[in-house]
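Two complexes follow with subunit A in common, the first pairing it with subunit B and the second with subunit C.
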Partner chain A sequence: MNTNRPWWRPDGFYIYAVLYLIFIYLPVLFLPVFSFNNSKYIAFPLKGFTLKWYEAMINNPPMLNALMNSIKIGLIVAILSTIFGLLAAKAVTRYRMPGRAPVVGFIMIPLVIPEIILGISLLILLSLADIPLSLLTVGFAHLLLCVPFSMLVLVSRMEGFDKSMEEAGLDLGENAWMTFWRVTFPIVLPGIIASLLLTFTISFDEFVLAFFLSSIEQTLPVYIWSSLRFPSKLPPTLALGAAIFMASFIVVTFAEWIRRRGVRLDSTSGI
Partner chain B sequence: MEHDAIISFQNVSKHFGKVKAVDHASFDIQRGEFFSLLGPSGCGKTTLLRMVAGFEMPSSGEIFLDGQPMSVSPPNRRPVNMVFQNYAIFPHLDVRGNIAFGMRKSGLSKGDLNKRIDEVLELIKLPGYGSRGADELSGGQRQRVALARALIKQPKVLLLDEPLGALDKKLREQMQIELRQLQQQLGITFLFVTHDQEEALTLSDRIAVMSEGQVLEIAAPSQLYESPSSRFVADFIGTMNFFEGTVTAITANNMTIATQVLGEVRTTCEESFPLGAEVWVAIRPEKFRPEFTSPARDIDSIEGRMGPSAYLGDRSHFYVHIANRDDPVLVALQNLEGSVHQLSRPDQPVWLRWSEDAVVVLAKD
Partner chain C sequence: MNNAVTPSGIRLELRKLFLKSEPVRGYTLLSPTLLAMILGLAMPLVVLFTLSFWLQEYLDFIRTFSLANYVEFFQKPIYVKLLLKSIRISGMVTIATVLLAYPMAYFIAFRVKSNKLIWLILITVPFWTSYLLRVFAWKIMLGYNGVINSGLKSLGFLTEPLAFLLYNPTSVVITLAHAWAAFAILPIYVSLEKIDRSLLEAGRDLGENAWMTFLRVTLPLSLPGVIAASLLVFIPTVGDYVTPSLVGGPRGIMIGNIIQSMFGQSQNWPMGAAISVMLMFTVAAMIGLFLWGTHSYRKRVA
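Entry: the complex of A and B
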């Protein structure tokens, strides 16, 4: 393949890549553009620059409340499912245990069950058990959904490094716990970060389960859905969307920076 | 248990389900010895090593390390360290971090520890490599770091699991010499696992030959090669020509064996067999001397015809067809003057001579 081709004479692959990026990112870029547009209606031509939608967003307690709910659930779900995923991945990749295949199968099932089915069955179960709907029930449902993702990410990371690394840790005088912290954890750290980001994102924008299982307290996707019926509420939602987009961009960049810095620091310090 | 045994295996067995990976192993390894476990893959040598390290527990029997029973000690409490087959260098630590890994509880101050690490780096001939990352090392360097990481712990026994298997031939031979020097310099007992018989012969004080979970023979390299005690060992160590025979006469230090192929074979073999016993007569390829004219009558020899030959650089291999035998006999010759290879023409008659003490007699089972 000719890699020295000048950029103004693109080949087929180049055009394909550019079209692909446009397809992915153009709709997303409309979000910040219209969030600064001085008009209630989402349509071209643009009317003028304004910050009033951001002002409206800040002065909209229900919306901010929904945002906080989603962040809280997302953080807790991300941390718990990554812990469960790590334990499951360790068990699956490191121990000979009876019934391994069916256990893994049961953990993975939520991946292939349509969320709507999961939502309805959980709703039926909760009402049978007389458990009131709340953010807690949403959180549990998200946990159910996220653990298989964590496990997938971490199993591949655990399988990717040699079991003899951990044996070397034991051999050099550390017990199982310290070997985990000094060998296993640093090696699977990129997987742990990936799992945290992935599960937070899944929980943060999950709609179906949250819609079925929440009560008065709403998560952000449910709030946005309910506000779509009122055109005047849409522009502040765009402002919020743009703000979240920027925030997640910063978070992911920061996490990647931390990870690389962590790997470098590890390899230059003595012990 | 002998007095100065550093490791003593007493009736050690390890079963994985129905597979007997190690079957009733009982032997001692002396303090300061370079001891090799040699055998084909799946013979149980690695399982035996891993039981010393504590990664596997014996199904029955006990391993004593410096007199202490080991079945109660987890791997991190045993005074042994291991060089893993793939080195298991920690990818998230640099060379210094890898070597220092096991020294967390050593009680050394940071300065003393750094000095120790520098000494060990000097020992493995990698001074100044301390800040290299694991991914910046070649195969041979990773091997040295793995050695350093284990040696800094000053183990009573260093366990090596096929550590040279991944290196190319030149580097492997160089590392063999260095390993041997290192072992003699430090006086630490080395327990070395390999499937490479040449490597085991080069390095070891003593070798245990294993097959299918059983220790077949323990002996010094020269004894294993010159007078193996069983057909398996004779066949596994080097190459060997086998001939069927029957013991026909026994005197004080001589035995005569009638063979269909070689005729009457006299031997100085010390093993005693009863009259009429069915035995294997075994002769190494390099113990045959080929001649192209018929030797005198009273000299042990057999006539054959030249078959295919192979030029191996330092030596040549000839296959010689002999009457009454399907497989040709293998003969090895040093290429002392030019190529001996050129002497031979296919189908040319050749006489193979051997001396009495070249003959090994093995029981037929």
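Entry: the complex of A and C
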């Protein structure tokens, strides 16, 4: 098709794509803009450049504490849900099991009911069972939400490779555990990494479940929610949002750079 | 001969059974996940359903079966009205998001030759900020002293800020359509990418024009992606209470706000449970209807 058009005569699709990017970027870009603005009020005209909101962010123990809580929960949830997802994915792709379809459907339910319903039904159960709310309950709720995502990612990776490679491992005298470790694991590794990244991101940004199931110890989104109501707390929160945004930009750029290097090394060693 | 009766023999027999039976091994691997899901999903949903038939008395529940909450749900017009409004808002968000996303996904799948990954990353970058801050960004955009009003004022186009931009159902639709954009583009892109390019050439060779090829080949084949995108946007947005309470104002509240208040200020958990059950059934019915509709459309095309 027409990709050979000169750039000064773009086709309709190209113009649309650029307009679309403006639509999704424009509102988000105002967050960092106002995080450098020397005024308590989020309005134009801009009042000059300042770093004081970033300073306020670093000197804000409750916010940093919430950030640490979110990172902790995110890491634990990512690892646990990936392990659960890996076991489940191996079970449904490698063994003939009666009742497979309804069981998989059951595990996928968190994907098809609104989160508020998951949140309140867990809240009711915990309160009837007299279990106090804590970061642990938030983490458990996040695990339920993340396992289906892990499983989806890993099932598609497991279905993608040849079962006979595992059988070869077994035939060559490895036990089941060593076969998993030396054959299955390296092949599934990209899926595992994808699952870890995806579930960490979901947990880190999750608000509704954390809102209903946390008590005094807050996660970052719950902290942000409470700060949105107080105009004085807002500029440091914007600074934090911008900082997280930049950090994830660096991480993804770095990951992409590694991936490209990996691809290049692969292709040269193949010659 | 009879060593199967000794303890070690029994263990050996069990081990053999375990290794031989695929279902047993499969369910053993599945058991941690299943256990977590039964504890954290099935039991809470059963409890939610049960609680919706109880009543609240100050800080306690009256644990006898009663339909009072459901009677109230249908008698007070506010609940049904809010439920229908939430479905309408969320439906509009879904249609807007999918319609806006389709050309973009089509562009990446068919027009971009190299650097597809760069485009996909470009699309996901705005979604790395917190969901709450993304929603809040629209309050900054549309607010009384927001970007649009204060910007137009300092440029001299306005003397008084426009008050109608924020705090209405339209601002909720715009904000949600923006917040969920990536969830629509990615599944549609994947289904477009999977289409065998020779089918499109065949369509062109058989004398169809580009538009007819799109309608008769590309669109039906990309339908799974469109369905996935619609569900991925509709389900989370219909119960959302964050966006309505930040940018919706009194006229923009949705069913999620009522549920949340029943578990907050109003302190009527059983009523909140009943509303949630009704929301769940309505959403399930909508999804069923939608899947049935798209299924019969695909049959007609095929």
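Keep this in mind: the second predicted complex is superposed on the first by the 250 of 271 C-alpha atoms of A that agree within 3 Å, B and C clash if a C-alpha of one lies under 4 Å from a C-alpha of the other, contacts with A are read in each partner's own complex, and residues count from 1 in each chain.
In this section, a residue touches a chain if its C-beta (ideal position, glycine included) is under 8 Å from a C-beta of that chain, and two chains touch if they have at least 3 such contacts.
Note that the coordinates shown come from a computational prediction; the quantities given were computed from them, not determined experimentally.
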item	value
Touching partner for A:F140 - first (subunit B), second (subunit C), both, neither	second
Which of subunit B and subunit C A:F23 touches, first, second, both or neither	second
Subunit B versus subunit C as contact partner of A:P132, first or second or both or neither	neither
Superposed model, subunit A: greater residue contact from subunit B or subunit C	C
Partner chain(s) touched by A:P61 [first = subunit B, second = subunit C, both, neither]	neither
First, second, both or neither for A:G48, with subunit B first and subunit C second	neither
Residues of subunit A contacting subunit B in one complex and subunit C in the other	none
Complex interface listing, subunit A residues touching subunit C	1, 3, 11, 13-14, 16-17, 20-21, 23-28, 30-31, 34, 41-45, 84-85, 87-88, 90-92, 94-98, 100, 103, 106-107, 109-118, 120-125, 128, 140-141, 143-144, 147, 151, 205, 207-208, 212, 220-221, 224-225, 228, 237-238, 241-242, 244-245, 248-249, 252, 256
Subunit C residues within the subunit A interface of the complex	22-23, 25-30, 32-34, 36-37, 40-45, 47-48, 51, 100, 103-104, 106-108, 110-111, 113, 117, 119, 121-123, 125-126, 128-134, 136-138, 140-141, 143, 145-147, 150-151, 153-154, 178, 181-182, 231, 235-236, 238-242, 246, 256, 259-260, 263, 269, 272-273, 276, 279-280, 283, 287
Interfacial residue positions of subunit B with respect to subunit A in the complex	53-55, 74-77, 80-82, 84-86, 88, 90-94, 96-97, 100-105, 110, 113-114, 131, 133-134, 149-150, 153
Complex contact set, residues of subunit A against subunit B	161-162, 164-165, 167-175, 179, 182-183, 186-187, 263, 266-271
